[in-house]
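Contents: one structure, followed by commentary.
Chains here go by letter, A, B, C, D, E and F, matching the order in which they are written, and residues are numbered from 1 within each.
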Amino acid sequence: MVYVTRRETFSASHRLYNPKLTEEQNVELFDKCANPNGHGHNYVLEVTVVGNPEQDTGYVIDLKDLKQLVRSEIIQKVDHKHLNHDVDFLKGTIPTSENIARAFWEILQSKIRGARLFSIRLRETENNSVEYRGETS
Amino acid sequence: MVYVTRRETFSASHRLYNPKLTEEQNVELFDKCANPNGHGHNYVLEVTVVGNPEQDTGYVIDLKDLKQLVRSEIIQKVDHKHLNHDVDFLKGTIPTSENIARAFWEILQSKIRGARLFSIRLRETENNSVEYRGETS
Amino acid sequence: MVYVTRRETFSASHRLYNPKLTEEQNVELFDKCANPNGHGHNYVLEVTVVGNPEQDTGYVIDLKDLKQLVRSEIIQKVDHKHLNHDVDFLKGTIPTSENIARAFWEILQSKIRGARLFSIRLRETENNSVEYRGETS
Amino acid sequence: MVYVTRRETFSASHRLYNPKLTEEQNVELFDKCANPNGHGHNYVLEVTVVGNPEQDTGYVIDLKDLKQLVRSEIIQKVDHKHLNHDVDFLKGTIPTSENIARAFWEILQSKIRGARLFSIRLRETENNSVEYRGETS
Amino acid sequence: MVYVTRRETFSASHRLYNPKLTEEQNVELFDKCANPNGHGHNYVLEVTVVGNPEQDTGYVIDLKDLKQLVRSEIIQKVDHKHLNHDVDFLKGTIPTSENIARAFWEILQSKIRGARLFSIRLRETENNSVEYRGETS
Amino acid sequence: MVYVTRRETFSASHRLYNPKLTEEQNVELFDKCANPNGHGHNYVLEVTVVGNPEQDTGYVIDLKDLKQLVRSEIIQKVDHKHLNHDVDFLKGTIPTSENIARAFWEILQSKIRGARLFSIRLRETENNSVEYRGETS
């Protein structure tokens, strides 16, 4: 079994805000991330699949196919968008990296063919990143 | 003369939109950057000053002082902000990297002591960046 | 469960030297790393915790809290220091990356609240790094 | 147990082509990677071993020894080479990253002393990489 | 005046070889770069133009246009190619980084509209790079 | 004319301290950089030369020769060393990046053959760097 990773990037804005809480609670929880007009990031997304290389191709998965899938299912829907307002599959979700990574996992898991989705890694800044592997505690 | 560069980062959102033009013209000019809800970036700012190292310190400028100046005059005002709405010195400006770099130059030029501001470099994404050196054509 | 990583950096000097061995043995073992006056690195530290995002925040852990903890418990004690002489919790330890990573683990493990420490990764140079996950063989 | 990683780079050319298939099938499978004259990459190789630090040295493995081993057994044989034509241990293999990583594993696994080989990571471009841990499905 | 830079990447193979010289001379000059089967790189290309931002757009140049130009005129012709055999505009040229950068300059200089080409920077590896600014000594 | 850059790295320790000043003045000037036991960095050195590519080789300079020169004249003398104590050509100098870059310039300027030294760039951390081009104000 070999792990194969495709890296893509997108630029988006978001605001961390829980509508069930008061303004004061939101500012206390999310600090400058709760700024009403939002802010943004160049997100780096790494999608890792795992499987056995096929004899005929030496590929676990054709990375051109994986690239196309990630771009059509994810990147086109989030790039140059506001994650709170413009993205159907994030509606009603606080767009933390943790929640975004899990949403991406749900989308890709059923669509990847011939290999198994292993990990979604999302880097929000050069210092902060998350990884989701589909594990439940 | 030695060139000394300090690198800082900030995360902000913006929208490229010229209110003097129609919606159609804005979309044609700015494409997905004109998305009404905006998008965002992790900007990388590099401020370069030039001068002669002082005999007593071996420093052109104390980088702690330059760091503090850049943070108090620039980073605090743009980090986790929407560049179209939240930043006084960008009001009425289309927040392209070109315009942001020139605005940063105007702020820092008069405040740097003991050395001369040489260049403002601003990286919007890993593929797109600008540099302003105070030159007029 | 989601893995959340915070990256911090520090600049320190060290010398690899085992006082129980002779000079010759130290030079044979540690080569130029045994140079009596020491040398130094820009270390990159990545602290990874794992847990379930909370419903109210979408956070596994508030990264501002993790950042503060790592800075107050680790970075302030090792940044711009000599790891053999200036750091209480490394006294009597040969400051290899392996030993430093394990020392950082011991400090952070008991202090992280609301999530579980998963990994300490320490990059000494762009080519050499270690990772410790609290495993015993 | 601590994981220790050494990073090395090499520049090589290759062509993805399966001689058992027709030209048309090769182009359909491998697209521009099947270009008859080949193309090339700056590969980044990360070799990770795992073990217990020795009491006397604080080392899992002497990274100078691991560096020498990786350079003499791998880098010297693939750097500035054409992977389809110039490398004995890749003869008869389609040189995908998956197959190269497994070939490197076979070479290193038996030669590493005092620690256990844990992972071979190979980055072909900044967007595409693979990792092999010796696992069979 | 503001400098605007677009970064693109391509993967190609090449061989450094001067057909006017003997095999021995080629090996002495180019060492392992003269290997008959060639080798390859992930090249990083940075194209910098300079000009005055337009009032209506805040752009020196529309980076979407520059991206398209660089991709259609350069990247499509060199990506996944052998620079000695597959590229018309490099025929008869020893494909050193110096010569490639100058060839790119010649192509782009006359095709960029609304701004002036300032620099072609080409990184062959993480340690070796060249820059050409159209200067004659 | 083409600019050619070679990048090398070294790991060293230093202390910023002016023996002509009092302890208090040193701490005020250099803050934590004046810590008596010193600290260290992974320095990144970029040496740029400029010249005309030769007809026969397509090279401004043979980068293998430049690499050897930089390694024998600079890297071997500073890598894994304490810059205040172990380096003859820095004796009596406060080892700030500015002063180190100028010392490297003096050494290399007279020894580079066939091209002209254009710039010494020295990165002390990912945020702080200097460049010296041999200019006097």
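Heads up, the rule we're going with is that a residue touches a chain if its C-beta (ideal position, glycine included) is under 8 Å from a C-beta of that chain, and two chains touch if they have at least 3 such contacts.
The structure presented is a predicted model; accordingly, all values stated were derived computationally and were not measured.
Under the contact definition stated at the top, no chain borders both chain A and chain B. Chains that touch both chain C and chain E: D, F.
On a Cα centroid basis, the chain most remote from chain F in this structure is A.
In this assembly, the C-alpha centroid of chain D lies 28 Å from the C-alpha centroid of chain E. Taking each chain's centre as the mean of its C-alpha atoms, chain B lies 42 Å from chain D. Within chain F, residues 126 each touch two or more of the remaining chains. By the document's touch criterion, interfaces exist between A-B, A-C, A-D, B-E, B-F, C-D, C-F, D-E, E-F. The touching residues of chain A, counted against chain D in their complex, run 1-8, 51-53, 56-60, 62-64, 67.
On chain B, the positions that touch chain A within their shared complex are 9, 11-14, 32-33, 35, 37-42, 79-82, 85-86, 125-126.
Listed in rising order, the residues of chain D touching chain A in the complex are 16, 18, 20-21, 29-31, 93-99, 101-102, 126-133, 135-137.
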